[in-house]
């Protein structure tokens, strides 16, 4: 018994401690020719789709950059993707591995808010730049000065949404159907606050459970409550279900949505049911060729179109390249602190989503775009932001 | 709860949901009846069958909606069912059969292992994006007063009823069905009576898996096809099977329908927040188990002292 | 690299605590419970809420976390212990999901899906046990594991442990021997839950934020796998099982393959290991602990040639 | 003196009445036999007395106290022990542990200290407690000459020894009344003879014995008094010689053979 245990344990220990010899060794010597960037997101499990989609945005940027020779034309970039399964426990393991065995220079991700908080604390201590393309919770960037994002926070989106619904669309009684996850609930709370501050009223707020596919019960109740419009700030799959089932129930109330709607997958899944939906999404301040080129290239490479989060990841990668190049040109190496400083100093970087600037706390200085779906094509309505509680259209 | 119309709307929604649960629960209950273990991979067999059905349907379906499309739909469903049946039998042979004499936990964990393998294999081979299964007919709702009923709901109810009646007749009347019941009562005695127990078990798995594929294909029209589609639905269906009395075919049907209705009306009537729907299901489960531990239609098994 | 290995050891320790609790319930009393995730969640949230909202010291929250989980264990145990085998499994699984559901929906207390952030780190005598300082944290976790091990080991060797095993072997005979089976089953549940609650507490000060998402029934199943894989009724084996499962799940990352192979392969590998293991060695790697002989000297190893049948009985409704 | 007595004890399962208004008495110090054809309700009567089953109606009095419907473990603690028709040993535990379990409730209970204190004490002074239990258990094992098998797993014992072990385990609870459910079932004549001696020895310890048995030679040989059940009813009671001559009993047994 004792022999058996000690045999098993010693075998495991041997394997463990011999691993660094061949796995970790190469990074030290190869550091100059390639640098590593990390990515953390759910690659398996219920939300794997988001991890897959968003990581491809970052991967595409890196492939493009490497095709031109890499950073400053000579340092190749490698993206190391770690699976978080949407679980902070696994996310922490991911950052630990990226930080200690891959020695990454910066991290793109994590995808979800919950994991972002756990990982954010970690990168702050380690001094690794983290840019989340999709962690929308208002507090994420407050973790520290190493945490940034290329997605507008819930706060801004909620403010624009609430004000726009009230002021421009003239909605007074709002119905809401949101899922009890951090993304949906964050947007619901933000929107509700600004909408009710203007004098509107959320007359009915129904919830759903993560993984639910059947929303007929809630929709039946909402139908009975007859609000002016229904706000559905959810992920693509759920929204597709909601729209389809609403039409089955003969619900004739306009739908309003969030940046989750910017995923073109919605048109595959919900088809004609998307007609008439108005949603808050990324801006197109500088409607550029870059934007169109990106969408085309992404679609061509992976067989499906990018969503706004993948776009944010793509932008994050390019802003990062810019910072890396500056640091490399100045010092010939990639100091993590210097990379962070260069990244924070980004000014008017022209990305696919338009001009990118970061606020003091690491938030994206952003506006929100508004779209209305006609048939199955989103039509751009303009960009908005909120200044001192007032909705302002950005020209 | 507003009006009668709303009531009937909920009733319709609850019945279709319950019908699906019942169909999946049948597979659980059949396997449990014979082997006394929870086939955790049942939900994943459902998912695999739905994928296969989807591929076949997309390949043979014409452009226009019409009679051929509906035939194609059912043909694809049949292929999916057959695939699932074979998959179910294969899994039984590889992962469960060697464990027949082992402890009760061994096949349970083996089933969990199979579930991991199947769902991740699907994600790897076919991607994590949801795949849409096009309706073979125009699914605009039919309005009966204020109640909206979709052709899809009607189809679910019809298919579910047909499947259940067929299964019930098969189990009660046919020779094979009788052999199944004998096997579930006492394997050793069944063997002595000349029943090929291994074959019966394989057939049970085949039928259960085929029913799962049917349920999967039917709901896929609405919920789409994706790697984890079977997980939660499967779990709920299992709850339904237990509520009805696991191992009991009629129990699975009753349990499934009941669970669907309770979930729908619990939210609608009692004003319980929808997000607590699963909680209602599980609380009902626990209450039923406490009042009648063998399930609604199950037989109490008294341990002989 | 070293840090990553230490992290695996930390997780192993946290899960080992939970697995030891599960071992009391499943390995000793033979009850198939699938609720460790729920108790784990209660422990995590107890520490998170008490330290964030009420400013408690971590060390004070640990026993409370354990006790609250134990209380939940008793609440769950009392009504459901009449159930047997798979019925108990599904009822406890249901309870685990209920706990998660409540946490996800009780926004005012738990923050709902947003969870609770910024949990203060544990500290002792003014020294902060920073989760980023792996050695210190590892030490803390494994001291808990050691304490748990010593406690449970002693419990198992005492008349109480023997009574628990008697209940597993034959509940009717046990009660006819004057053993209050209900009381012992509830206590076993409470102890198992206590261990999971403490594990949750440690998890909270490691991740420094809690959200309801991770506490799914998959956690309970993982913990059960640890117990079965190591060897039911054997606390050392269970700790080994916890470590092995963590090791397997991080193996691709350890050898630097996680970026090369598709991410699903890790899970497929895990599934394969479960199936193969159950076919090849259903009694677990080490099997049940050998019985003490009268002189206290370890007796010759038990015959485990046809392993599976050797008594890892779970109370079954119908056999 | 009457040690145990049932009054109009009835146990019905749905429509089936297994035991019907049975008055059954056990005199202290005697060996009482309980016989009857298969399905007569003997084991059901045992179960209802020992708390494994709850009577539909009627009462059970033990030492003048009403014990109807009490838990099995409570009844055991009051001094009634039993064995089972189909041996119920703790198969994966050793012989010694099986017997020690019979002593389980004897230790760790203290009138002077509270429950928590007792629990803590038994946790920390385990060795002392264990050695006391072990000594007692060994005493009972040597009673059956099983000392050489202490470390064997119960399941590995030959059948006859398993029966003996089960009785030893019951005796370890120090009962004043011992119920034996078909103790000689499956034994060869030599083993049955040994069993008879053992039962007499048990009585000589001052323990009252009640046994269900089909082996008439054994019953007639050692029982002081016999009760006969048929179709759940008490049809006769008396000394072995009285029972042998009782026409109802003869009919019950012969009638069964006719059928």
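Going by the order they are written in, the chains are A, B, C and D; count residues from 1 in each one.
Keep in mind that, in the parts below, a contact is a pair of C-beta atoms (placed from the backbone, for glycine too) under 8 Å apart; a residue touches a chain by one contact, two chains touch by 3 or more.
Quick caveat, the model's predicted, so the values are computed rather than measured.
Relative to the centroid of all protein Cα atoms, the closest per-chain Cα centroid is that of C.
Ranking every chain by how far its Cα centroid lies from the centroid of chain B, the top place goes to D. The interface with the greater number of C-beta contacts, when A-B is set against A-C, is A-C.
If you average the CA atoms of chain A and of chain C, the two centres end up 34 Å from each other.
Computed centre separation for the pair chain B/chain D is 49 angstrom, with centres defined by C-alpha atoms. Centre to centre, using the average C-alpha position, chain B and chain C are separated by 31 Å. Among the residues of chain D, those in touch with two or more other chains are 52, 84.
Annotation for chain A: residues touching 2 or more other chains are 44, 48, 180, 207, 209.
In chain C, the residues that touch at least two other chains are 101, 104-105, 172, 264, 267, 313. Looking at the complex, you find that chain C touches chain A at residues 1-5, 7-8, 11, 101, 104-105, 112-115, 117, 130, 132, 203, 206-209, 211, 213-214, 236-237, 240, 243-244, 247, 250, 253-256, 258-259, 263-264, 266-267, 285-286, 289-290, 298, 301.
Across the complex, chain B is touched by residues 26, 32, 79-80, 82-87, 89-91, 94-95, 97-98, 101-102, 104-105, 172, 217, 221, 224-225, 228, 232, 262, 264-265, 267-268, 270-275, 277-279, 282-283, 308-309, 312-314, 316-319 of chain C. Against chain C, in their complex, chain D makes its touches with residues 50-52, 71-73, 76-77, 81-82, 84, 88-94, 96-97, 100-102, 104-105, 107-108, 122-123, 126, 129-130, 133-134, 150-151, 153, 155, 169-170, 173.
Residues 1, 4-5, 8-9, 12, 16-17, 19-20, 23-24, 43-44, 48, 79-83, 86-89, 92-94, 96-97, 99-102, 113-114, 117-118, 121-122, 125-126, 137, 139, 180-182, 184-186, 207, 209-210 of chain A are the ones touching chain C in the complex.
By the touch criterion given at the top, residues 32, 36-38, 94-95, 98-99, 101-107, 109-110, 112-117, 119-121, 123-124, 235, 238-239, 242, 246, 273, 275-276, 278-279, 281-283, 285-286, 289-290, 293, 301, 303, 305 of chain B touch chain C in their complex.
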